[in-house]
Amino acid sequence: MFNVFFQVVNKELKGAFRSQSDILNPVWFFIIVVTLFPLGIGTDPALLARIAPGVIWVAALLAALLSFERLFKDDFIDGSLEQLMLMPHSLAWLVSAKVFAHWLLTGLPILFVSPLLAIFLAMDINTYSALFLTLLIGTPILSLLGAIGVALTVGLRKGGILLSLIMLPLSIPILIFSTLAIDAAAYGQSYLGLLALLGAMLVGAITLAPFAIAASLRVSVS
Amino acid sequence: MLHCEKLTCVREDRILFKDLDFTIKPGEIVQVEGPNGVGKTSLFRLIVGLSIPYAGNVNWQGTSILNDRENYYQNLLYLGHKTGIKPELTAFENLQFFQKLQPSHPGIDLWQVLAKVGLAGYEDVVTAQLSAGQQRRVALARLWLNDCLLWVLDEPFTAIDKSGVKVLEQLFIEHAQQGGIVLLTTHQDLSIDKQLLTKITLQKIEDDFYV
Amino acid sequence: MAFDSFADFFAMGGYGFYVWLSYGLTFLALGILIVNSITKKNKILKNVEQRLAREQRIKKAKDMEGTL
Amino acid sequence: MWKWLHPYAKPEKSYQLAGKLLPWFVVATVITFVVGLVWGLLFAPADYQQGDSFRIIYIHVPAAMMAMAAYSTMAIAAFIALVWQIRLAEMNIAAIAPVGAVFTFIALVTGAAWGKPMWGAWWVWDARLTSELILLFVYLGIIALYNAFSDKVLAGRAASILTLVGVINLPIIHYSVVWWNTLHQGATLMKFDKPSMAPEMLWPLIIMIIGFATFLGALSLLRFRNEILARESHRPWVSALVTEKLEGGK
């Protein structure tokens, strides 16, 4: 069973590394969006530090949206998605592997570039560690939620914008809890409770989302 | 073995076919024919469980396929219009993935299979660089690889030359003789013995708009 | 009765604009919803009507001889 | 119970049943609206704090409540649709969603119009209004998804899945918004909590809530009938219905 998981992840990573723009573009986009804010509203360090959590999380959401399209779309077009659905393994398990690979390719790079953004937005070390932790727990939830949206819209011709309309409202709690945690850290308060909440949401998403994704794919690919 | 029971297919409020009944036993090669747009592909997608019938049932060994997908898919190989081959991966990597995830003949050598489908020398080329016919061959190579009883092949001969078709026909016959089932559509005339080949003809529903 | 005169009633104790705006928009929205629901039904029936007419034309054309 | 339910699981029977129920709901809605509005607007006394602006409550609160009730109904229908594969339940979702969305819209607009004199701003990021706004987004997402599929069977299934995903998410959204709100602006808001509303104010409110509920029922039935007709348009009984109507008209 874990071999199957590993095989799917392996295939995804191999394919993605052959066409590297798929990995780099969302991160690139993420950095550019964050850079726009100081340019748009001024460079006062106090102001930047105040808005940093929101800016980074909204940018992360947008970057995630940009990358979702490739989660199932290419597979849908070339037929590998229907082949995946005909494998003698649980579809929920197979899509979990795909979502995990997607997170490795889009969520993880954002974590890697986050120190750079902390410097750009004048964050102190305590705030940054909160940012890092929320990104670490929050981006997998985004990937799982987004995958439901993609699975629902992958068969549609104009699925892209619909995906954002469906997915963004549902990701509001992640945005709220993450930015609250970072805010708390900035004021020197404990944010463990908020992290625990995010963690609970992650656990919930990991257990429930794969089934929703599988069911959605069965609708979209028919 | 494979039993379709009162299958009805409605696509966007249009009835493609209704109350379709047939049973396919091991050792049969079945060709589904009919004009374009009559629902051959839709029928195949119902049979493999990609779509859910408007009414009726597809049963495999007596149980509905929708109730026991994993068992059914142990026995099923489906090749559709889309090849299911990842263009960023090489022919070898593509096949390797399917070999690991699907029940396969034990100890089969991928290099040999690739040579058999005429891709010797292209094994480690990214499939995006191959021609349409060659990409098709990568997908068809799965026929030699897998250990499934039921093959459902939607237009397997697309972009395949005459000699290739001959080889495939031979393979179908062998598969049927070993107790397998081949279900296919094609616009070409098959040169398979009439005794081995069964035909199902789908007809356009004209007068009868109603379910 | 909470109001002495009609003018009083419309003024709503100085909040007339907000109260009547709320009620106006509410009934506008509900009205649009009702109209939309009813016209939708007529549209569907019209479609079926058209289709039935089409089928009849096809049937008639079949009985004709010497057509292409 | 299943034996009783079964005949109504047939679209034609459901269409007729919905048709029979519809007039009752319409009559009930008209009566409750007239009684509730006359009572609420004319006879209920003005609020000692908010004056006559509180009369917005008679549409704001019922709309908000029924917006939630509509979503709950959709969630139940979605569950039934997915577990027992009952198509009528899917049609129910498609029928109710626009009504729910309009109710949510009304709750938002009336909330804003009430907020302006009370808080001095058309929009404040109060927890209730914010959740209401997000609920509207979720409704619109479901409607958009349903309309995006040209095959209505698939559309219904997709909408059911999204509805269920939303039902798990909505409480989390609400909870997160409340928390976010208390941390961000907390006590600056005026609270509308009324533990003891005077009965002469409360009665019209209860009547209006019933009115909105029957309105929701009436519109849902109407739209439910539309969905059945649209999806079953290739069936003989629909054709018979149309020919009958045509001949009746002549």
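As written, the chains take the letters A, B, C and D, and residue 1 is the first residue of each chain.
One rule holds for everything that comes next: a contact is a pair of C-beta atoms (placed from the backbone, for glycine too) under 8 Å apart; a residue touches a chain by one contact, two chains touch by 3 or more.
As the structure is a prediction and not an experimental result, all values here were calculated from the model.
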item	value
Two chains sharing the most C-beta contacts	C-D
Most distant chain from subunit C, judged by the mean position of its C-alpha atoms	B
Between subunit D and subunit A, distance of the C-alpha-averaged centres to the nearest whole Å	32
Inter-centroid spacing, subunit C versus subunit B (mean Cα positions, whole Å)	49
Separation of subunit C from subunit D, taking each centre as the mean of its C-alpha atoms, in whole Å	18
Euclidean distance of C-alpha centroids - subunit A vs subunit C, Å	42
Residues within subunit A bordering two or more other chains	222
Multi-chain contact sites of subunit C, meaning residues that touch two or more partners	51
Contacts with 2+ other chains: residues of subunit D	233
Of all residues in subunit D, those that touch subunit C in their complex	41-46, 51-53, 55-56, 59-60, 63, 98-99, 102, 105-106, 109-110, 113-114, 116-117, 215, 219, 222-223, 225-226, 229-230, 233, 238-239, 241-243, 245-246
Partner subunit B, residues of subunit A touching it in the complex	3-4, 7-8, 11, 14-16, 18-19, 77-80, 82-83, 85-91, 218, 221-222
In the complex, subunit B residues that touch subunit D	10-15, 54, 209-211
Interface residues, subunit A side, partner subunit D - complex	148, 152-153, 155-156, 158-159, 162, 165-166, 168-170, 172-173, 176-177, 180, 183, 201, 204, 208, 212, 215-216, 219-220, 222
Residues of subunit D defined as touching subunit B within the complex	150-153, 231, 233-236
